[in-house]
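In the two complexes below, subunit A is the common chain; its partner is subunit B in one and subunit C in the other.
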Partner chain A sequence: MLLSDLKIQEKAEIKAIRVSGRQGRRLLDLGFIPGTIIKAIRKSPLGDPVAYRIKGTVLALRKEETDLIEIRRIE
Partner chain B sequence: MALYADSLALNLLRKNFNISNDDNKPIIALAGNPNTGKSTIFNGLTGLRQHTGNWPGKTVGRAEGYFKYKEEEFLIIDLPGTYSLLANSTEELIARDFICFARPDLTLVVADATNLERNLNLVLQVLELSTNTILVLNLLDEARRKGIKIDVKKLEACLQVPVIPAVAREGLGLEEIKKTCYQISKEKIKIKGFKITYSREIEEKIEELIPLLKRKLPFLQKRINWRWLALRLLEGDKTILVSINTYYPIYQERVNIFQKGEVQLDGFNQVWLK
Partner chain C sequence: MGLTRSGLNKENINMDNYITKRGKLDYFLPPDIQEEIRAQIVGDIYQEAEKIANKVLISPGEESALENRLDDLLTSRWLGFPLMLFLLAFIFWITIVGANLPSEILASGLFWLEGKISLFFYWLQAPGWLHGILVHGIYRTMAWVISVMFPPMAIFFPLFTLLEDLGYLPRLAFNLDNLFKRAGSHGKQALTMSMGFGCNAAGVISTRIIDSPREKLIAIITNNFVPCNGRFPTLIILASIFMHASFNNTYNSLLAAAVVVAFVLLGIIITLAVSWALSRTLLKGIPSTFTLELPPYRKPQIGRILLRSFLDRTLFVLSRAVLVAAPAGAMIWILANTGFNGSNFIQHLAVFLDPFARLIGLDGFILLAFILGLPANEIVIPILLMGYLSSGLMMEPESLDSLQRILIANGWTWVTALATMLFSLLHFPCGTTLLSIKKETGGLKWPLFTFFLTTAIAISVNFLLVQFLKIFL
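Our next item is the complex of A and B:
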């Protein structure tokens, strides 16, 4: 399952980042690290980007990025 | 004499960052994530003895100022707030190049105590680049309100750097920061600095790469942290090569052999994917 499949108010655990190099490094720097719990908070009016709560901060990602993040949904 | 030539060359290099420090004051870089109260600390330390402007050639604001402890005066440079030092944006590039090439005598990293985990990423990156680092745990009052307790002694032991709790808004911790800077500049405290050990695979590649770098780029001897440079190249980060060319323009030919990917060793980034 990808982060882009996560619905608003749902929680998930990050399993892997499917990109290397600078883009991957950037995601890691922002706190998108395997094992971290993430929650989808809200959508922008057009549905993209989506805001997520991660490690105590809210960050918005576009679909291009959320398609690169593998997750496991948690109840 | 050699020492004198060395400090002269360093001052010349620091001019690239608009720093004139002919009287050789200790230089302190102030780093930290955005919204950690970095500027409050900067203002608290320098008071009105500061001036603001831009980084050379960049539309990123910068502030520098002075503070004094006992007889020693320090020059402190406020770096842009960043989550990382890995040059994903102009701000990160400035912060990285400053610590890497202008080689401040000391780096203060300000962390938000309410959100320590997120902030420690930058702390570890700074430590990887330069050992002389102090961690300032700011916003401790807010952390307390949120019920967060931080074991400062233990954090100090883990990171092997001085950790100073602070509430910059109320001026708490500022004296301690000044005092610690002074003690370090007088070599009364020696900082060990925690260093990350990577997997065996990566450590072996680092070991392979360092002698190669030393041989090909001898002009960087004592001017760069070889291990850190090796890590950047293994990561495929070419921005560091561009920066070396900027600050050591006469050696471009030697630097550019690394551009061609001669040392591109696949697999580093894969480690994160598991």
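Our next item is the complex of A and C:
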């Protein structure tokens, strides 16, 4: 399952980042690390980007990025 | 690879070890394993940081219910955009309503002082031309700039800084990102555009927050389509006196605010259209990544807002305007007081420009005012009045009524006002902005490109509008 499939108010655990290089490192630096818990908070008015709560901060990501993050939904 | 998470994850890890370890690993290992190790190292650093943070921090937990509700409202599907426009209109309205009285007081004070300075010059028996250049040229231009610009800035900038301080601007970027993505540019362009409302030169410098060079250039080139503080007075004054002169005051100011918001919207639409066109032609490329933090709302610190907006914005923009306006005022005085065949140079130039200016809904004097106003947009209206009156003096600012009478006497209709506002929104950036573009892009290519692109767009849009209105009127 990908982060982009996560619905609002759902929680998930990050499994893997599917991109390497600069982009992958940037996501790592922001705290997108396997094992981290992430929650989808809200969509922007046009549906994309989506805001996620991760490690106590709220980050907005475009679908292009959330398509690269593998997750496992948790209850 | 024998490295596992638990293998690396020991108690009391020394961060320095990682750096030396990482250097050695980078040297010996294939890239995919490097990546894996990097992920583990970053993960461990985070775990360690969390451990430390948990010891010393009382957990802030999830965001408060109020904050959640506020965010739901401000970024909601139906209300997100209307609320954005409403906030903008509200700020303009307060600026329009609040700026009038202090503007009049400042003007009368500064022109009282001018009388005293003139007396001093007579007492010195200074030659007429010296008094003309210094008092009627330089001092009077500066007095115009200060009395017209200072009150709206002193109201607009603190209000805008308040929005910034509250944390609204990241929500704005969040709301608008999708449009910018479709245009092939960056969501943070919404932030650099917001800066542009204050000053386009500042907006151009603020594009440093955009990493991708391609998207940064797009943001730089299009920043001028956001009306800056130097152009707001022009838009506000013309909107106030032409679009609805017959209403009473409250309607007046509300409608003027609505017209200004309409122009801002038009500016945003043109920004998106030009960004779209650029990222499909000259500046081809796919949108880069976008990650934007939405920080918690903060309680605004009123004292700091007032001080910071006054020092960093109001004084900065005003001093710049005054510095540019002073020599421009001297030059305009000279142009208006020298000439041949019974007319001064301003009149000759205006007659020369007139046929072309008519095609785009302006007249020779208006176009000349825009050209002479290149150093600073805020002196366009003063130059225009000076040209119309051709008394060789820049007129004293009085009430908006007298301004309207002068414009109507010179053949203005609401179409002229509309065309002038449109040209003001779209035309070439001011000298300072062009210099900032040169500094940011490191050459003459992009400032020149921006100059010609914006001017071409202004001329075509104005031409189309005028021809369109001719058919229907």
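We take it that the second predicted complex is superposed on the first by the 75 of 75 C-alpha atoms of A that agree within 3 Å, B and C clash if a C-alpha of one lies under 4 Å from a C-alpha of the other, contacts with A are read in each partner's own complex, and residues count from 1 in each chain.
The working rule: contacts are C-beta pairs under 8 Å (C-beta built on N, C-alpha and C of every residue); 3 or more make two chains touch, one makes a residue touch a chain.
Treat the numbers as computed from the prediction; the structure is a model and nothing was measured.
For subunit A, the partner that touches more of its residues is C, with subunit B and subunit C as the two candidates. Of the two partner chains placed around the shared chain by superposition, subunit B and subunit C are both touched by A:Ser20. Residue contacts after overlaying the shared chain place A:Gly31 against subunit B and subunit C alike. After overlaying the two complexes on the shared chain, residue contacts for A:Leu59 are found with subunit C alone; subunit B is out of touch. Overlap of the subunit B and subunit C interfaces on subunit A: residues 17, 20, 24-26, 28-31, 34, 55-57. For subunit A in complex with subunit C, the residues that touch the partner chain are 17, 20, 23-31, 33-36, 41-49, 51, 53, 55-62, 64-65.
Looking at the complex, you find that subunit A touches subunit B at residues 16-18, 20-22, 24-26, 28-31, 34, 55-57. On subunit B, the positions that touch subunit A within their shared complex are 83-84, 86, 88, 114-115, 117-118, 121, 235-237, 269-270, 272-274.
On the side of subunit C, the complex with subunit A involves touching residues 31-32, 35, 38-39, 42-43, 46, 50, 60, 62-63, 71-72, 75-78, 80-81, 174-175, 177-179, 181, 187, 287, 289-296.
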